[in-house]
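Everything below concerns the one structure shown next.
Letters A, B and C name the chains as they come in the text, with residue numbers starting at 1 for each one.
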Amino acid sequence: MSELLEVDNLSKRFGGFVALDNISLTVPAGERLGLIGPNGSGKSTLVNCICGTLRNEQGSVRFDGKPIDGMPAHKRTHLGLARSFQLPRPFTSLSLVDNVRIPRLYTVAARGMHRTAEEIDDHCHGLLREVGLEAKARHLPRDLTQVEMRKLELARAMAAEPKLLIADEAMAGLTHSEIGDILALLVRLNERGVTVILIEHIMSAVMSFSRRLVVLVSGRMIADGKPDEVMRNPEVEKAYLG
Amino acid sequence: MIFSFDLLINAVVSGILIGGFYAAMASGVSLSFGILDIVNIAHPAFIILGSYAAYTFNHAFGFDPILVSIVMLPAFYILGAGIYQIYYVAFEKRGQESLRGLAFFFGLLFITEVALVLYFGVDYRDVEAWYIGPTWHLGDVDVPLRIAVPCMVSLLLIAALQLLLGRTFIGRAIMAVAQDQLALRLMAVNPIRIKRIAFAISIATASLAGAFLIIIQPVEPSVGRDYIGRIFAICVLGGMGSLPGTVIASMLIGVVESLTSTFYGPSWAPAVSFGFLLLTLAVRPAGLLGR
Amino acid sequence: MRTLPFLVISLVIAGLVFAAALAIGNEYIFFAGYVVLQYIVLSTAWNILGGYCGYVNFGTGAFFALGAYSTVAIYNFIGKNELPHVIPMPVLMLVGGVVSGIVGFGMGYLTLRLRGAFFSIATLALAVVLQTLVINWDFVGGSRGAYILRPESVPLLGSYIRYLFLAMLLLAVGSLVIARLIERSRLGYGMTTIRDDELAAEASGVPTLRVKLIATTISGALMGMAGAPFPYYIGYLQPDSTFALDYAINAIAMPLIGGTSTWVGPLIGAVLLDSLQQLITVTISSAVNLLIVGCLLVAFVILAPNGIVGLFRKYFRHKHDDFVGRHRTALDEPGSVPAAGAAPE
């Protein structure tokens, strides 16, 4: 299995505050990686640095064998790196189907694929169907519930046909069955070949989904391995139980 | 152009003094833009309003313009509170500050300016006071009191503001609201009320700044437009909300403008502050003493 | 409707407008109409960056003036009386457009990495810097201003003002077609995402910087093209009034009052607001005119944020076809598509 994502000694500071301290991580293609850690440990910062939303001062990131340091976020998306935002950020002026259409339109062109408008439209409706939002395809995001916005967030990330999808706390505040829906969706994606990094606080979801677990505490990676082993790690216990 | 040390010193001193006055003008925007993130480009119009208020009472009763502006502080405060309330309900609440909020203030700029034109006409107005006219001569250096007095009062104003922000509860709440509104709410402080107070204070400073302006130069309604860029340049250069930074930036711009004007001619001076602004935005958007 | 039929229909309407103006027989119609058309171009141009992308440009006056001063520069270079015979208006417009387009690109490159508010302030700064440069450049008259001699007449059309009117009419049609084309294309969608949430747009694969640069360049170029004939219209060009903030407020007020989400908005805003302004200037005073603009702007921005187009859509809820091949989903304003349980605006 080739390494899809390689993060090498990545550090990020905000003024005097060290948000990430020498993070090194490799993710092989097809992996189901769980990323956990207490609030403020730097999980979202790490995602932002990997995806290009933030620029890291030190370290490097390689995706699919290519170094992507300094590459703007949209180019990384074209390469196959997609993420959903922790707090959903839909395009409020556009309908759901148009929200999902945007990444499709831009990545299709960037990858030199040729699709007619009808094909793209079908694909978008299909994506909405998969997350259970097809009935509201022509609605605006403001008509959605919190849960539905999360699903839209995921659908939009999926629309770019990513090789790696980073789901940032997509399940916060959901009911048990809703969590199950999202998990099932992510598993389906993974079975289709998409590598998934799941960032979550809901331990049951993380444990059932992840084949590998990484723990971040105060900007440092303190554990990386099989979920059961990691949870038995005394440092991890300390971080979570104090 | 003869380079004379005399000329240089006077240009620098003059620049510093004017800079002190610029600081008063920019302090309001330091509050509204630097701390509250509200792009009030109508601020110069309120300054001009202050100038005309000072003019009216000075012309009619002979009161000292600076005293008039201090008496007018409550009126400007109320005006500021009212404007913020409209701004909040119409824009901030709906999340439309960027385009429509900006347009709102732009509209206010014009409305204020034209209202003044309609009421006072386009003639230049000025005020009279005992310090307008005399000049101190300290060796080779000329210090026109007309500029020195506003400069000193302006620095007092800034010091007062700094004390307010640093030492009082309201002041610290204002600094806090810029950073974490939720935390404020949890402390049973209404962030909207705090922001309203802050914005009202920023408009109140315009009253004083207006008096300073009309002491330093004759004023007509569209004079405010020249200051829009200067004020925001100072705010950005000074680090967006840092009052000491505002003072330093003001004096820096004042000196450079003064030198440019003295040695290259006044027609190049407007470009100075704006050029500075562009440079700052390009190179160090956080300003000199940025947060 | 595809672009080509739209273009044809627009040209036909333009032709009718011109014919009607000729039929009225009063030369004043051309003078007044020219200004309306000019504002149609300016507000359409502004809206491409402001309404579609959400980036407010206060420097409309500067781009307009650049176009005007390009013409002056060429005029002074070639020699006063030779110009109209040597270089026709469309070419002058093109030059003005190119100059302003390049400056627009440059400005964009310098400032578009900045947050929205900083960008707007930077546009103000740039406008003043440009104005200062022009005032100090004696070749184009400097602060004294520049005189342009307008030729007496033009073959076929009659008076020169008719020629200017026609040129501006065609430019107006062109700018509307361009705006509409952008709006319905992938570029327009990209602009909408930038306006809604630039961070998410970038993460979704939209090349935000490139899109914004295209917007600033086209916007600046159109404004410059609108400015190119101006010296001939006005006869005496004065830097202070040409670079004035008055152009900025009109270019902002017209789209905001008309409606920023579509090409129709600036058109409506320009026609209504400029006609109103001309009426007021003639009947009351030009100062009151600006007061009215300011008040209307503030009123609309508070009460009818989606402009006249938005009001129209609210009362006559339209349903447009999907983007597939033809029209875009016209869902720019909340509430324009009936949704279960949605509260009205």
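Going forward, a residue touches a chain if its C-beta (ideal position, glycine included) is under 8 Å from a C-beta of that chain, and two chains touch if they have at least 3 such contacts.
All values derive from a computational prediction rather than experimental measurement.
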Farthest chain (mean CA position) relative to chain A: B
Identity of the most central chain, Cα criterion: C
Cα-centroid distance, chain A relative to chain C, in whole angstrom: 41
Chain A and chain B, separation of their C-alpha mean positions in angstrom: 46
Chain centre separation (chain B, chain C; CA means) in Å: 32
Residues within chain B bordering two or more other chains: none
Set of chain C residues in contact with two or more other chains: 195
Residues of chain C touching chain A in the complex: 186, 189-190, 192-193, 195-197, 199-209, 261, 322-325, 329, 331-334, 337, 339-342
Interface residues, chain C side, partner chain B - complex: 50-51, 54, 56, 58, 110-111, 114, 116-118, 120-122, 124-126, 128-129, 131-133, 135-136, 143, 195, 245, 248-249, 252-253, 256, 260, 287-288, 290-291, 293-295, 297-298, 301-302, 305
Complex interface listing, chain A residues touching chain C: 51-53, 72-75, 77-78, 82-83, 85, 89-95, 97-98, 101-103, 105-107, 109-110, 117-118, 121, 136, 138-140, 142-143, 156, 159-160
Chain C-touching residues of chain B, taken from the complex the two chains share: 33, 37, 39, 41, 86, 90, 94, 96, 98-100, 102-104, 106-111, 113-115, 117-118, 225, 228-229, 232-233, 236, 267-268, 270-271, 274-275, 277-278, 281-282, 285
